[in-house]
Structure formats: C-alpha cells, structure tokens
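Listed after this line are the structures, all set down as structure tokens.
Shared between the two complexes below is chain A, which has chain B as its partner in the first and chain C in the second.
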Partner chain A sequence: MTTTQEPPATDADVQEYSTHPGAFANRAFGGLSAGAASLILVTLAAVATFLLIEAWPAMTSSSADLSDQVHWLGTESGETLIATIGYLVYGTILISAIALLIATPLSFGIALFISHYAPRRLAQGLGYLIDLLAAIPSVVYGLWGALVVIPVLQPFYQFLSESLGWIPIFAAADDGTVSGTGRVAMSAGLVLAIMIIPIITAVTREVFLQTPVLHEEAALAMGATRWEMVRMAVIPFGKPGMIGATMLGLGRALGETMAVYMILSPGLSFSPHILQAAQHNTIASYIALQFPEANAAGVSALITMGLALFVITLLVNMLARWVVSRRSEFSGAN
Partner chain B sequence: MKIATRAGAIASAAVLTFALAACSPSNEETDTTDSPAPSGSESEAPAELSGSLVGAGASSQESAMEAWRAGFQSSNPDVTVSYDPVGSGGGRTQFTEGATSFAGSDALMDAEEYAGAVEACDGDMGAIHLPLYISPIAVIFNLEGIDSLNMDADTIAGVFSGEITTWDDAAIADQNPEVELPSSTITIVHRADESGTTENFQDYLVKASSNWVADETSGDWQGATGESGPGTSAVVQIVQENAGTIGYVDASRAGELGTVALKVGEEYVPFSAEAAAAVVDASPLAEGANGENDLAYELDRTTTASGAYPLVLVSYTIVCQQYDDEAERALVTEFVKYVASAEGQEKAASAAGSSPISGDLSTRVTEILDGIAAG
Partner chain C sequence: MSKRIDINNLNVYYSSFLAVEDVSLSIEPNSVTAFIGPSGCGKSTFLRTLNRMHEVIPGARTEGEVLMDGVDLYGDDVDPVTVRRHVGMVFQRPNPFPTMSISENVLAGMKLNNKRMSRSDADEVVETSLKGANLWEEVKDRLDKPGSSLSGGQQQRLCIARAIAIKPDVLLMDEPCSALDPISTLAIEDLIADLKNDYTIVIVTHNMQQAARVSDRTAFFNIAGTGKPGKLIEMNDTPTMFSTPSEKATEDYISGRFG
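Moving on to the complex of A and B:
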C-alpha cells in the first residue's frame, strides 16, 4: 500500500486520496476496525455501570436493613455483606493460589518440553492435545472432579494430614479426620489447576518458540548445555510472556464457577485448613448458589460481590501489565 | 462431520415443520374462546380450550409439572402450558405482579403477598393456595448392609447438629437393637443452596424435636457444618459414594440408599405415599388463610396420627379466586382440575415420585375450582 510509510492518515490525507479506487474500502475498513475496538471499551463500561447501579441499593443500605431482607446475611452471626465478601475474597484467592502453585511450574515445564526438548512430531501432537484440554467445558471438569477425582484423592488427603498435619494448611479437624468426601478447597484448587494448565502452556509455548535463534545458538556456541541455554536465553526472553500467561490463568481461576460449584462443600471462614470441608467458597460459586432463590435485595447483594470480583480481576490484570512493562526493559527482547 | 451436520439440519427442519403444523390450528381457533361463553357451561360440556397458560414458581414441582403439562396438552392439543421453575419466591413475585396466571410455591404467601395478589387478581378476593404436590422427604444414609434405621426426631436433630458423631452412639443403638451399627464417624450431608427440602426438613426438626439448634425455620442450612452440595442430585451423589454419610432428600430420589423410619407416636413409620398424604389430611389450616377456600396448611409435624409421615414437603399451586378474562379462567381451572384429579396425581407420582393427594382433598379442590369466577 502507498500509505504504509506515512504518518497516520488525517482527514486531509483522506481527501487527497478520495479519487483512489480503493479509497472507500480503505475508509470503511478503518471505520469498522475502530468500531470493533471501541466496542470493547463500551462493553467494559456497560458492565462496570451495570454492576455499580445494581449493587448500589445493597452498598448503601445499612447492614441491619439488608439482613432483614436477605436471610443469608445474618447480623447476629456476624455475617454482614462486608464480612461475607471478605470470606469469599479470601476463599477465591486461596483456591486460585492453590491452582496457580500447581499449574504454573507444570505449565512452564510442558511448554519448555514442547518448544525445546521434544522431537518435532511429538511436540506437535502434544501441543494439539494441550489445546484440546482447553476446549473441555468447565462443567465437564466439574463432573469429572466430583465423580472421579475426589473419591481417589480422599485417602491421600487423610495420609497428608496424618503425616504433615503439623502444617496448619494440612491440619485435620478436631476428631483427627479430614473431610470424608474430599469436597475441600484442595480438590477445587487441583481441578482448577488442570483447567488453567492449557492456557498457561499455550501462551508460554508461543513465547518460548519466539526466542531469537541467534541467542540460543550463541549460548550453545559458548559451550552451554541445553538447560543452561534455556536458563540464559529462553527464560529471560520469555519472562514477560510467562508472567502474562500466569495472569491469564489466574484470571480464569478467579472467575471459574461451575467446577468449584460442583466440587466444593462450601462454607464461610478465614480458615487455612484446605483439607477440611465447609471452610471456603469462591465469589463466583457463591453467586451461582444463591442466585436462583434470591429476592431483589439479595440479587443486589450478590451483584456487589460480583463487583468485588470485577475489581479483583481488574487489579490482577493491571498488576500483570505493570510487571510485564517493567520487566520488558531488561529482557533479552531488546 | 459434514454429513452429521446435514442430518441434523434435516432433522431440525422436520421438527420445525411438525411444530408449525401443531401450532397452526391453535392460531386459527383462538377466536372461539374469545367469544363470550356463559360461565359454568364448561363444567358440563368442556368447550375446546385453546391459548397459552403461563405459570412460574417452585422448582420442586418441575418434574411433576412436566408430566401434568404433557398430560393436559395431549387431551387439549390447542393449549400450551408453560411453567418456569424460577423458585418459590420468584414464582410468588411474578404472580403478585400479574405476570403469570398461577404460581407454584413451597411456602405460603405472607401478608404482603396476599395483598399483592388482591391487586393482581380480579375482584377483591385475592388468591388461594391449593396443596397439589405432596412429597415426602427421606433421611438417607449409606451404611453397608443396613437398609433401614429407626430414629425419633431428637436423634435426627442430634445427628444433624453434630451432637451425635458416631453411628454406634447409644441414642441410635437403643432404637435399633436388632441392627449391628459400625463405630465409624457420621458425615452429615446437606444442601448448599437455599431449598424447600432444607426448609421442610428443618421445620420438622424445629417443631418435632426438643434439641434442634435453631428456633426458627429457614431454607438455609442451620445445623452443624458438614459436607454439602448444590441441589438434590449432588446430595444423593455424595451420600451414594461415601460410606458413613447421612443426608436428606426428596424421597423419590432415595433409590437404593438406606432410609430412616421416623418415630410417630409409639411406632416407627417409613416414608410412603399414603403416610405422606395422611399427615396433610391430619393438619389444620394455617392462621391468616384467605377464607375457607384457601387450603394453606399448617403442617402438623408432631402428629401422632397412626401411619402418618410428618417429614413432607407440600408445594402449593396458587391461583386467583377471580380472573378478569374468561379464557384465562377456563384455562387455569381446567388445568388445575386435571392436576388435582386422580389421573394427574398418578402422573406426578410416576414422574416425580410425589404422593397422590387423598380423594377427599381432590374433591374439595375441584369444588373450589368450580367456584372460581371470571369478572
């Protein structure tokens, strides 16, 4: 195209080219893509406005009023809206953290194997399989988790608490047993981890594949082993991408509803015990649970929780952006 | 892939054609019901009904409603009945806002909703409750080799409030001398979501036991923290897969699991359709009911009537005492008459495992429905 070397077209430029045969298509396409881009802003603004407007009644009414109308917010048990959101934010972050702790090292390993270790044919097949994992609906993961995984894991949890029970997170209940069914935060975190592995793997794999070949060959030419080459060339180059991928995974884990809903015996507390039932719940799963029978005030309270989740995800994304932009200066990319 | 898609397209086209064919006569004949028909003539020679009837409410009635809808529509092909299982509260709200012609509800209307119904209905007689879906709640457990256990209300309350923690606790063993109980821990399983099943189960414990943790009934779980799952299926699944668990579900879903026989008077009564219907007949009407036609029961959980099973969920159909539109009146009354009929109750029993209402109640409901007028 003739305009590629020039600064962005102004109205005057467009006038100048208006006799060009492709001028109309050019302008139309420009307008369409600008429209598509602004649609994202509009949608985001619309969601934010909706959340604010709908949550307003619950946020502004006194906790006593609210607990009169919403029976699952009882002031006598200390569960005001704020307290409930506090428990849920804690549960959401705890379960997402378990998922990330398990998923990130695994995903990076898989991605490195595919990009730098596996023979080409195997790498392709494996990459395809990982992408397939991402396509499984979360309700299927939830069913699988609830029906298949949990019963298998329960004896392991019992063993874990017997051998490592002195660490608070693995502690058993007072009677020395962990949840008899395995419907605990640990299980939810594990299944979430499996759900976010494909996302983190797919993104980091692409980043690792883009490592400049010159860097890799230079490292190898200096006598580096393959592991040293990965450590010195691939990982520094891919660091922003790895962080970005982790944050994408975290985003999915934070908002995941169905799997948690089906796997966890919910409860509200700040308990660290991830092997005991009825201790935690996540915001999304709590909303799904309470929404069907909620009245107007209840819906407003639930939307306030949705707003809290929205803010958390926004913060996570902004943090990720900030980290990536700070790191990119030092990465091998420049 | 391509072939499958094409076959799907053909199938859906065929379905569409049939659906359209089924629809067209109703469009043509809607006029017939709009022409004023003298009130009362329907009961002697039911005129051909047509149009659509919209209801919403309790999800407990959903599978029964499916059966009633299918049964009613097969004998009245020009009628479309729709029922949105939004939940009891949502159903009452939609009804009192005038959005639906009838509501399904596990709980009775409160004073405010009674007033709202007066607004929504024609005339000033408001709305009435008709108990047309009676479903026993079973206390289910998973202990190998044990099919049935006897418990009184205090024992059940003790188990679900966490006071009784092992299966061989004296409180359970004393009532079951012939059963060999394991010494394993009891894991209680309850509903995680708000539900009519929880509400009725806790209502039973509040009224029939002396040691339950709460004084007031709630649709949310109030007992000891334990395992929980969203919905009936989840509770059944958790109990099925884990030995030593105990929970409560709609009796139709108890399946092969062990169930508890409740102590009523001096005997132990296992759940059955007749026993569940018996407790409704033995119960008095609730205070604040809307006149004698309002069959809103105050369930007698402490009944000592022989053979009654007091742990039941009663779900009501809420209808206006007067409709402003003759066509709507005819649709509502004919449909609800079908629901209350022996045939309708049988259909619900086989589809949803509910307990058919007694013949006396059925007759009474039909009388009430015949009295509903159009203004």
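Moving on to the complex of A and C:
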C-alpha cells in the first residue's frame, strides 16, 4: 500500500473553512437577543431597588413620627403604616379573588367554545370580539361599571343579602340593608372580572387550539363524547397554560387602579362583607387616592405599599410556577 | 365478540370532493384484513368510515351502507360515539395520553363506559389488557409512570392495550407500524396474530411484506390520478393476491412496477 503525500495547506485553503458570509449576522443577532433578555433582569432589579430605597425612610421611621408627618396615617385613620398595609393587602386579595372566581370559569368556557364547539365562522368572530374587549381602556370600564353596572346590580345585592345573608360575606349592615350605592367590593370584583376575561380567554383559547389532534382522536376513537374528549385530552394538555393565563389575569386584577378607584367606596378593615360599602380598598387604588397630595414622608409610605404589591405579585407567580412544575413529568412536553 | 362487516356501495365525500368511490367488500370475523395501495388512494379514509372517525373532519360524509352483523352503522338512530365503543382504533403514530400514567391510559376507555369501578377490577383490567398487548412484563413495575416514558413500540402496544381494554368487536389499525423500528414492528405483528382470536382486525399498511405476513385477506385500492376518487381494485385471499392477482394494476403495485 502506498501513501500519497498531501501538499501543505495554504492560508487561502484555511480561509475557506474558517469564515462564511452569515457568521457576523448570526453573532450579532445572538448578542441582540441576549441583550433584550438581560434587559428584563435589569428592569426587575431596578424596580426592586427603587422600591426598597424609596420605601426605606417610611419603613425605618417610628410609627409616631410617621403619623405626625402623614395625615392619613395619623389624624384621619388612626392606623399605623403596617396596619394600613395589612388592610390594603387583604382588600387587594379579596377583590382579586372575587374577580378570579367569576372570570376563570367563564373564560375557560368561552375559550373552549371558541376552540372546540363553535362553527369556524362564529369562532373567528368571537375571538376577534374578545381581543377587542381586551383593548378597552380601564378608565372606560370604570365609567361603565360606576354608571351602568352598579345601579343595575344594587337591587340584586339586596336580594342576595336577604336570601343568603346568613353567610358572612353576603351579610347586610346592621340596619338590614346593603350599600345603597352598590359601590362595594363585589362590584369592583365583577368589573375586574370583566376586564380580565379577555386576557384569560385569549391565552387559554390558544392553548386549547394547540392540543395535538392525535390525542383528541385517541379519545374520540375510544367512544368519548366531545365533552369527554375535552376532559380527557384538551384540559389535561392545556392545564399549565390555563394556570399561566389565570396568573396573567390575576396580575392584571392585583394591579388594576382606575376601575377600582372609580367604583369602590373605600374603607380600611378586615371585613368579610363584600356587599357593604366603605369596607375595603386595594393597594393600587389607595396609592392613586393619596399620591396627589402626599408629602415626602407620605410618598415613602405609599411606596412601601407598592413594595407590598410587588411582593404579592412575585409570590403569586412563584406559586404558579411551582404548581405547573409539580407534574411536569406528565406534561406531554417530553 | 368478533363481528363481520359488510360494506355496500360506499362513497366518501369531503364536502363536494369524492374521495372514495363505490366500495363494496366484506370483512370476516376473527380474521385480519389488510388494505394496501399507494398514498392518497383513500384506504385510510375508508378505514375511518368503519368507526365514523372521518366525521371529525368538517364536511366529511358518506353514502351507502356499513353493516356490522347486519346493523347499519349509518342508520338514523346510530350515534357515532356508540359505534366507536364497538370499533376500536390504533393510529399511525403512538398516541398515549401524556398526562396519564400507563395504567390510567389503559383505563381511559373504561372510565368512559363504566364510571365506577372497584380498585381490584381496575387492576385486573390493566393486567389483562397489557398482557393482551404483550406489554405486561415490560411495564408491570412502573404502571404509575407516564405513558410517554415508554419507547415508540411500547407506546404503540400501550395504545393497543387501551383499545382492547374496552373489549371492542372490531379493531382498526391505521399503519400501526410505520413509525416503529423493525423489532417493534415484529412485536406488533406477532400481537396482531394473537388478537385475531378475539377480534376482527382491519389494518392499513404501506408495507406489502407486512400485509403478506399478517393478513388473511388483502384489498388493493388505487387512484387514477390526482383529484380522482380512490377505488377498490380487487380483494382476495392474501396468498392469491400476492401470487396470482387477477388485475394488472395489483400485480404492478405488489411487484414494485407501479407508477
């Protein structure tokens, strides 16, 4: 066997294997997208730092000092900052919970109807309308809620408390009537529910549409009705997406300011009575209420409340992630 | 219970497009019937009309009769959901439910038919079905693991176990081995030979050796050209089809001289 001697490679030969025309664009795009991704981290860190620094004076000063400087912590309510935040956290969670309880079943129903029940034409039209609903500004929802929805609902609240008043949340005030104006937590929750239905619906609809046809056919071929197919293939497959959509909706409900501000008659308490006025307020709406006339100490106190809202949102998201990851082995992603 | 199927003058349409034209044939109980033919000749569409799965596609409809032991599956009072509980199906790609464990997958169909089931009954169904699908020995120690953790061939046998768990009369298989390696294919073919004792089996395959190995009777479908309907060219006992077919088109196809 003979071996032939290769001529040594020239620089031009090496060059041919070392570059190609797309190399720069590829690196540039990689860098750009990494930069965009790191922007999220930077923003998050910047917001957290801002909140901590600005809230520091209020968090470290004694409650007596603070009530001297901030009239709505001292003379007006007689509550300390911590207690006020407690009421507001409670109010925020209560009203968001009402919104979620109403919005999620409705949204999942609408999304399923669009993805699996409606004829294609109707489904497209409905999907378009839902997206339009999401585009309405919250101040318009607030106006509509305050001027149209609440007057219509008030007699219904009266009826609700008369028939189910033995349940504390529906209880009427001591004189046997519920709020005459209807500006109560229930109304705020309802209008918030209408505001978050579009986002939850839009996301779950997309998730339901992603269900592999293979799995749907597997269910149908065993003699599943359409509803059984939905329960067997569509919902289990879409569960992480449904949780994600709910969290998106919750995020919007927790942070919504304008609609709550315009609808709710505010108050500070741990009252469970969602049909009585002047019992609750949310963090965002409270900040909006006090911010225009706040002095330096007041702003710091309000930012402390903002920090509390930030922490709640963070916790909610972590909880959602944990719920989704718990059964990731069965998610269908593998 | 194995049943016979008689198809009389069946046309299948997708909206106004005639996909399969005028098919009449009989499928014997306790036998394996293979449908062969080039892609797009309508054999899978035709298979799906036997459990009305084609109706999943909007606009799909049929004319003619499909008689199962004399009962027309397209009769006025017949519900496609009930038809599918009697005529099981295994698909081209293994499709166990990814959100369910192995045993939950096997029981998925039972839960539809019979909501309440004691634990011991359920365990028994899981064991007999998995044994029936030749999968029991491989998975008995990990029944609570997700079905998607199995290999492709095992997943397909899991799908067969799921289909036979509800004790159908007929089992339809739409190219069940086309996504599998040769060893898994062999396992499924052995299984088909066993299943024949209890079920009427209809299999669509692109693999002519497979049709020759597993089936008792073979039907050849062909299409005259794009946009033309698929037709049944001929049907006969498998050995006859592969040795002395009566149609020139069949002979061309099985000897590889097609097209």
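Everything below uses one rule, namely that the second predicted complex is superposed on the first by the 308 of 334 C-alpha atoms of A that agree within 3 Å, B and C clash if a C-alpha of one lies under 4 Å from a C-alpha of the other, contacts with A are read in each partner's own complex, and residues count from 1 in each chain.
Here is the rule we go by: contacts are C-beta pairs under 8 Å (C-beta built on N, C-alpha and C of every residue); 3 or more make two chains touch, one makes a residue touch a chain.
Model, not experiment: these values are computed from the prediction.
S.K.: Pick one for A:265: touches chain B only (first), chain C only (second), both, or neither.
M.R.: first
S.K.: By the touch definition at the top of the document, which applies to A:233: first (chain B), second (chain C), both, or neither?
M.R.: second
S.K.: Applying the document's definition of touch, where does A:60 land relative to chain B and chain C: first, second, both, or neither?
M.R.: neither
S.K.: Which partner does A:147 contact after superposing on A: first (chain B), second (chain C), both, neither?
M.R.: first
S.K.: Who does A:71 touch here: chain B (first), chain C (second), both, or neither?
M.R.: first
S.K.: In the complex of these two chains, what residues of chain A are touching chain B?
M.R.: Per the stated touch rule, the residues are 71-72, 146-147, 151, 175, 177, 179-181, 183, 261-262, 265-267, 277-278, 288-290, 292-295.
S.K.: For a test of understanding, state which residues of chain B touch chain A in their complex under the given definition.
M.R.: Per the stated touch rule, the residues are 59, 86-90, 93, 165, 185, 187, 189, 192-195, 218-220, 225-230, 234, 237-238, 241-242, 244-245.
S.K.: Within the complex, which stretch of chain C touches chain A?
M.R.: Those residues of chain C that touch chain A are 51, 53, 56, 58, 81-86, 88-89, 91, 93, 95-101, 108-109, 112-113, 146, 148-149, 159, 162-163, 166.
S.K.: Show which residues of chain A lie in contact with chain C when the two form their complex.
M.R.: Residues of chain A touching chain C: 120, 212, 214-225, 228, 232-233, 236-237, 239, 327, 329-334.
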